[in-house]
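Everything on this sheet refers to the single structure shown next.
Here the chain labels run A, B and C in written order, and each chain numbers its own residues starting at 1.
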Amino acid sequence: MTREGAVDPMTPVLETRGLGRDFGALQAVVGVSLTVRPGELRAVIGPNGAGKTTLFHLISGWLTPTLGQVLFRGHDVTALAAPARCRRGVSRTFQITSIFPELSVLENVRIAVQLKAPGAFRLLGGRALLEATERQARESLGFLGLGERAGDLASTLPHGDQRLLEIAMAVAQEPELLLLDEPTQGLSPEDTAATVAVIRQIARERHLTIMLVEHDMDVVFDLADRISVLHFGQLIAEGAPDEIRANAEVQRAYLGGLD
Amino acid sequence: MSRARAAALIAALVLAVLPWVLARHQLSLLTDLLIFGLFALSLDLIMGYTGLVSFGHAAYFGLGAYGSALVLIHFGQPVPVALLAGALLAGVVAVPVGWFSTRATGIYFAMLTLAFAQLLYTVAYKWRDLTGGSDGIAGVPKTALFWGGPSLASPRAFYFLVAACVLLSLAACYALVRSPFGRAIQAIRENERRFTSLGRDPRPFKLVVFVIAAMFAGLAGALFAPFRGFASPEVMFWVFSGQGLMMVIMGGIGTLIGPVVGAMVFILIQEILSSYTEHWMIFTGAVFVLMVIFLPGGLVGTARRLAARV
Amino acid sequence: MLFNLVEQLLNALALAGLLFLVSAGLSLVFGILRVVNFAHGVFYMLGAYLGYTTVAVSGWFWPALLVVPPIVGLVGALLEASTLRFIYRRPPIYQLLLTFGFALILEESVRVLYGNTAKGIEPPPLLQGVVALGSNVYPRYRLFLVVLGLVVGGLVWLILRKTRAGLVIRAVAQNSEMADCLGADVARVRTLVFGAACALAGLGGVAAAPMTTAYLGMGIGVIVDAFVVVVIGGLGSIGGSMVGSLIVGAAQTWGAFYLPETAMVIMYAVMGAILVFRPWGLFGEEE
């Protein structure tokens, strides 16, 4: 399975222009304009309720914006629904683990590969497709250290491994933009460290762009090239980790919650 | 894989030999069991593999029965033509019904299928000119295997037709659930939201499997009409849909062979109990309730679990 | 001309009253137990048949209204406590199937007890005959149904909104684990609500019997209608059930008058449209 096109370093992978989303009277995301360059690892942080997950939903197509645009690799994808955006190259994980519980670990990842491939609809045979997708799935599982559990039912995995499985599914799709929504949520320190190592390895070896929503500041400062800070749905700061760390407004927003 | 193949071969051989072993009325019962087994099998496709609970699956059995009956009575075609007609009629109706129903999920889907099935039942009941109303269509003949071919009037001949249809359908369904499409619908059952986020809208998949299942149910109905000699609205009634659900659960949801077994067990129980009381439905209902609570895997599901422990 | 309209309006309201009695319970059970009670229609039928028996035994209609709903409610509560209670944690399909099993058992039981023929009930003398509306007349019994629907609806709303019991019920509906931690006996609340919903359905059956007779198959007929009401109004919303009942009652009444064969089709079309565009109904909660 080859990826179409080389990554053009000039065109941003993701650009949002004045992105906004209301829920009745609640403005979850307000006027967010950001640009993410190819190969970047961008962390999105902010206090609870700042609109981070909503922003991810808007980027991945899970929600339609009330205002603004989303551009992926220079193309306006605002009108595209989530499945189409995924096929264009935006893969994501969810804040609450969302896998296929009664399917095997291997099948979870294999299906992720299959759904992006042409021929997902094949009614008969399709053995070549099944074998090819399985090979790719095994590779992805191995990359994330889940190779030995390939045959187990996904529901039998401990929580930390399930989060890794979700990442494996997204990575196996060979996306251009990978959205990770709180990948270390609920993980023990050991699992957190393992996940951080995995994400770093993905960033290094897989030539994709990563956006990360995180609450754990250690993880954020460990991994991020740049950080965007949301507060009440608005982008209040953006920059390199050191700049953000020193930013007074950000500190105020967290009210001392930064580390 | 080869253990399943060996089992299939043995089953086919047994089915081939039985006509010479069984008495006439027993062969007739076996034919009945196979037809309902096919009906339950078709329901398992959407219920066990896609996770769609349909309360209106009987409608497609009924459409198959009526389609086949009309072709046989009015056009005197060979039975396979009637089978095709019945299956196609069921499939064609399933397209709009499925399109609407799959817009909804869970209980809403179930209710939509029930409502549509009741609608179709009412049409069958009231459209006397076409369907014979509450009397149905009687005197459906068993014609020939093909134009100028051997007659299927003998119980043995018709039995072989039914057995062949059921075995072929079973094989087709096995192939289907192992195909990429089959894997996809199982993923839909497990987590539709995740499926969507991985790049495909689940609705076309659900519609396709819905129509395929309807066609297999239609095939079962199309066999039923010439076998029993009639088609009537009862086979489209919600009670029959419900019995289908019971067969699937009793046999083992999501196993394909389980529902076939479940259907056979169900009909056998009905046969035995009904000779004691005309209210066998209460006992069957009670057994069903108990199975839902204590043995959700059904007969085959539980057997497999026990076998895995040994 | 004007009277025709008024007459149809009253017919629609009467039908809506009946539908409300059945669908309110269904909506409650879904909102609070997250279970769709497939047997709900059969409890309605049970109410009608038990009403017939009460009238046959006592010679009076009014006692039936008081006596039958609690009995039906009790049957429902017993079924819930002995079976449904144990499978709440399972995927919803099993609960659906279980209530379906109830439906079959109850339907067949009624057939065992009463046979295949329909049973009629005479309305009580007070509600027989017609009432004068200007220079025209209208059946009293139907007016009674309108009033009954409004009264019961009001009572249910009052209980849910203004009493402590109602508060507990709503708490369990919103977050059963939290309610459990706070001391609410969740299991008992569930049984109570299930029983109450069945009692409402039973009341609907008793009320309907003088008009429609008690017959096998009235359960399935009403449940499809009730589901249409609940889909339109929103599963879990009593107010939605009221509005939904009015819409369906009106559609069926006017449909039956102007387009008899297609009335059902129209209803299914409306339901289909709602399921496609706004599946949580007019008043339900988006999930």
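The rule is short, and it goes like this: a contact is a pair of C-beta atoms (placed from the backbone, for glycine too) under 8 Å apart; a residue touches a chain by one contact, two chains touch by 3 or more.
All of these numbers come straight from a predicted model, not from anything done at the bench.
S.K.: On the document's contact criterion, could you list the chains that touch chain B and likewise touch chain C?
M.R.: The common neighbours do not exist; no chain touches both.
S.K.: If I average the CA coordinates per chain, which chain comes out farthest from chain B?
M.R.: Chain centre farthest from chain B's centre: A.
S.K.: What chain sits nearest the middle when you go by CA atom centres?
M.R.: Central by C-alpha mean position: chain B.
S.K.: Chain B to chain C: how many Å between their CA centres?
M.R.: Here chain B and chain C have centroids separated by 33 Å.
S.K.: Centre to centre, by mean C-alpha position, how many angstrom separate chain A and chain B?
M.R.: Here the centre of chain B sits 43 Å away from the centre of chain A.
S.K.: Counting only Cα atoms for the centres, state how far chain A is from chain C in Å.
M.R.: Roughly 47 Å, centre to centre.
S.K.: Chain A touches which residues of chain B in the complex?
M.R.: Interface residues on chain B, with respect to chain A: 175-176, 179-181, 183-184, 186-187, 190-191, 193-201, 204-205, 208.
S.K.: Contact residues on chain A for chain B in the complex?
M.R.: Touch residues, chain A against chain B: 60, 62, 81-83, 86-87, 91-92, 94, 98-103, 107, 110-112, 114-116, 119-126, 129-130, 169, 173.
S.K.: Show me the residue ranges of chain B that touch chain C in the complex, using the header's touch definition.
M.R.: Counting only chain B, the residues touching chain C are 47, 51, 53, 55, 100, 103-108, 110-112, 114-116, 118-119, 122, 238-239, 242, 245-246, 249, 279, 281-282, 284-286, 288-289, 292-293, 296.
S.K.: Considering the complex alone, what residue numbers of chain C touch chain B?
M.R.: 30, 36, 38, 83, 86-87, 90, 92-94, 96-98, 100-105, 107-109, 111-112, 220, 224, 227-228, 231, 235, 264-265, 268, 271-272, 275-276, 279
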